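Next come two complexes, and both contain chain A; in the first it sits with chain B, in the second with chain C.
On to the complex of A and B.
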C-alpha cells in the first residue's frame, strides 16, 4: 500500500514526464493547469494516464474544482 | 411538437410535454460505458413531483431565485423543471468557475436555494466568503455516505409525497438570470423572461426540428445558453431524448455517438478542431488505395452537396466515416467563438454539416445560424425567424456594429440600469460585435468592436479577421494584437500588428514555421500584415465559451515582456 506522499510523488513524476516539464518545477500545491501549461482536454488525458498507473477510476464529477496536485493525490489515495 | 404560442411559461410548456410524450424516453445518463439512468417523460415527471413537493415544504415561493451548479446530468434538468414548476427563477451557474466566483454570483443573484454537486459544495465551504452566504436551502447531489454536508440536504433523499402546486407565470415574468462572460469584475446577470425562451425555442426548432426518437448528446455545459436551449427546452417540447455523459474523455464521447446513435450535438470550436485533427490523422494512416477511394468519395459528395446537404447520399458514399459517428448524426452545432472556415468545410465535405451560428446570452441564444441553403463556411449564417438585425453606422466596407431586435432579447441586466441603458437602445440590443451582411443575407463577423484597431492610415483592422488567415498554423494557439494595445506609448508612431504564439511543449520556432507565417502573412493586404511575432509561455486565458480574454492577456503580456521581445519577420 502506497503512502499519501508516495502517491503524490508518483503523480508529480508522471505529470513531469508526460508533459515534458522539469520535475523540480512542479510543487504539490501548484495549480496543474498553470504548472503544466495544459488545457481541460489535456487534463483529461493526464487523468486517464493516472487511472492506468494507479489502476483506479476517477469520475470526472469527483474532480470538479480540483486543480492542485495535492488534492488530486488525496482523491486517488482514497480509492487505492 | 407543442404549440408554444399557447404556452405562457417554460414551466407550462414542460409540464404539457411531460404529459404529451409520457411514454417516450427523455433522458439517458451514462458514466463512461455504463448506463446509469434512462427515464421516460413520465418517470421524469414523477421524480420532479417529489422534489417540487419537498421544495414547497422548505418554503420555496414563486419568484424565489434558485441556483444550479452542476455538470451535465439528469438531476440538472429535473431540478430546473421543479424550479419552473414552482414559479421560481432559475440561476444557472457555470460549474467551471472557481468557488470564489460562484459565491460572488450567488450573492449577486440573491439566490435563496442552491442545488449543487457535492464536490463543488465542498469547494464553496472552504472559501472565506462562505460564512456570509445567504442561502436558505441547499441540496447536494451524489454526496458520499457519512459526508459532512455543511447544513445541506441530500438531493436524492429530498422528497415528499403528494403533488406540489403548479404556479403559472406570465410570458413577461422572469425565467432565468444568466451570467454572461465577464466574471471577476462587474457581474453581468442577463434577466431573461419566459417569452425570451419560448420565442427562441420556436425560431430554432423551425430550422432544426426535434421529434420523438431524436437523440441530442449534451456535452456543452447545460448552464450555457446553447445547451440549455438545444439540450433541454428544445428536445423536451418536441418529445426527443437528451443523452448525458458524466465524462468528457474523448474515447467515451466517441463511443457515445455510436452506442446511442446521436442525431445532434453542440460542440465548442476547440473540440470540433480536435475531432478534425483525429479524423485527418486516421485518414493519413490509410493505405494508398483506400485513401484514394476515400478522396474520390469525398469529391463526389462535395459535388452533389454544393447547393444543400444530401444526408442520405453522404451516408452511402462515406459509410465508414458516418458509422464512426453512429450513422444517425444529422448536424453538429457550434457558436460562441470564431470558428475556422476550413474546419466547417472539412465536416461539410464529409456530409456532417456543422451549423455554425452566432448568438449571445443577452439575445436569448442564437441570433443567426447556417441553414445550408447553401452552406457558407465563411459566415455565421442568416438571421433566425423572428430576428431583426441591423448594421449600425457601416463604414465604407459595410462593416458596423451588429444590433438585434427580437422577442428573444433579454429584459435587462440585473441591478445594473446603466449598463442596460448602454446595451439596449430604443429596443435594439447593441451586441458590440462588428459585422456585415453579404449579398445573399449571410452575416459575416469581423470581431469585437472594442478589439478593433485603427491603423495609421485610418483603416479599421480586426484581430479576429486577421487570425482566420493563420488558420491551421502548427502551434498550440495564437492571436493577433496591436503592439500599442499591449504597450501604450505617448508617441504611438506607426501601429505594429503582431502575432502572439503559444507553442506546444518542447516546440521551438523552426525555419519552416517562420516561413509558413511569412507565406500566410502575404495573403493579407499590406495594412493588415503582422510585423513580428512574440512567444508567450502560458495558455491564453479564455472565457467559458473559449473566447480569448484579450484584455487580460494583453495585461499579462504587458507586465511580463517588453516591446523588445517582439521578433521581426
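On to the complex of A and C.
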C-alpha cells in the first residue's frame, strides 16, 4: 500500500502534468488553487482525475477547507 | 438562427438529422446553463421531435463545450430576474418556467425513439436532469454528476427526484440528494445510472456506435419495449413542481442564490 509521501508525490506529479505547471514549482503545503491557477470547476476536474488514478471515491465535501496538497493527500490516503 | 425540422442552429443548441440519428449539440458558454434562451430552443427541439421521430430511430444529446455537458439551471438569470420582481411575481415566474421545462423533458423522456445522453465533465442539477430523461447515459471517465440543489435551499426542479427514483435504489437517491455531493462516472456506473464509461473525449463516438446498433432492430418493437420498461412518473413530477415552488419562497433560497452569484469564482461548484 502507498505511503502518505508516495500519495502526495503522485498528486503533485498528476497536477503538474495535467495543469502544465513545472513540478518543481509545486510545494506540498502550498495553496493548490493559487499554485495551479484553477477555479472550482477545474478543481472538480482534478478531483475526478485523482479518483480515477487512485481508484477511490472522494466526496467533494471532504475538500471543504482543504487548500493545500498535503491535506488533500491525507484525505485520499484515508480512502486507500 | 437557422432552422428547418432536420437542421437547427441556435444560440444555446443545434441539431442535425443524419443517418437516422438526431444529434442535439449543446453549446452555450460557459457550461450550457439552462435559462430562458436555452429553454426556448429546447422547446423548439421538443416540437420538432414530434415530426423528427418519423425519420429517426435515435437521438444523441451531447455538449461541444470543454467544461461539460451542462451545469444546470442558469442561477444568475434566476437570481437577477427574481430580484427585479415582487415575491409573488417571481414565484409565478418560476412556476411557469418549471412547467415549460417539464413539458420539454417529458416529451424527450417519452419520445418514440431511443435517446442517448453522451456526457462529459460537469453534469449538474438541470444538466443531470436532462441526461436522466434519456434512455441511456454514456459517460466519459471525466464526467461528474451532482444534484447540488440542497446547497441552495431547493430540491431538483426539472424532474430529477422522480427520475432518479425510477432508475436507482432509494438509499442511493437519499445519499445524493441529502449530501449534495458530486460523483464520478465510475461510481455512476456502479450504481446503475450510466450504461457505459468510456475514455475521455470518446462519449459521442461511442454514442453514435450505440445508436447504429439500436437502429438494426424493428422500430415498433423498440417503441413498445421502451414504453413498457420506462414509465413516466407524471404525478410525482407534478408534486416536485409544487414542493420546489413552495421552497423557492423561503429566505434560504435567496441567500443561497446570492452566495452563488456573488462568488469570486466564476463557476462556484464546490460545496
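One rule holds for everything that comes next: the second predicted complex is superposed on the first by the 80 of 80 C-alpha atoms of A that agree within 3 Å, B and C clash if a C-alpha of one lies under 4 Å from a C-alpha of the other, contacts with A are read in each partner's own complex, and residues count from 1 in each chain.
Throughout what follows, contacts are C-beta pairs under 8 Å (C-beta built on N, C-alpha and C of every residue); 3 or more make two chains touch, one makes a residue touch a chain.
Note that the structure is predicted; figures quoted are calculated from it, not measured.
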Partner with the higher number of touched chain A residues, chain C or chain B: B
Which of chain B and chain C A:19 touches, first, second, both or neither: first
Touched partner set for A:44, first chain B, second chain C, both or neither: both
Touched partner set for A:61, first chain B, second chain C, both or neither: both
Partner chain in contact with A:52 - chain B first, chain C second, else both or neither: second
Shared chain A contacts, counted only where both chain B and chain C touch the same residue: 39-41, 44, 47-48, 57, 59-61, 63-64
In the complex, chain A residues that touch chain C: 39-41, 43-45, 47-49, 51-52, 57, 59-61, 63-64
Complex contact set, residues of chain C against chain A: 31, 67-68, 121-122, 141-142, 144, 146, 179-184, 186-187, 265-271
Chain A to chain B touching residues, read off their complex: 19-21, 33-34, 37-41, 44, 47-48, 57, 59-66
Interfacial residue positions of chain B with respect to chain A in the complex: 31-32, 71, 73, 95-96, 98-99, 117, 119-120, 122-123, 142, 246-251, 270-271, 274, 505-506, 537-539
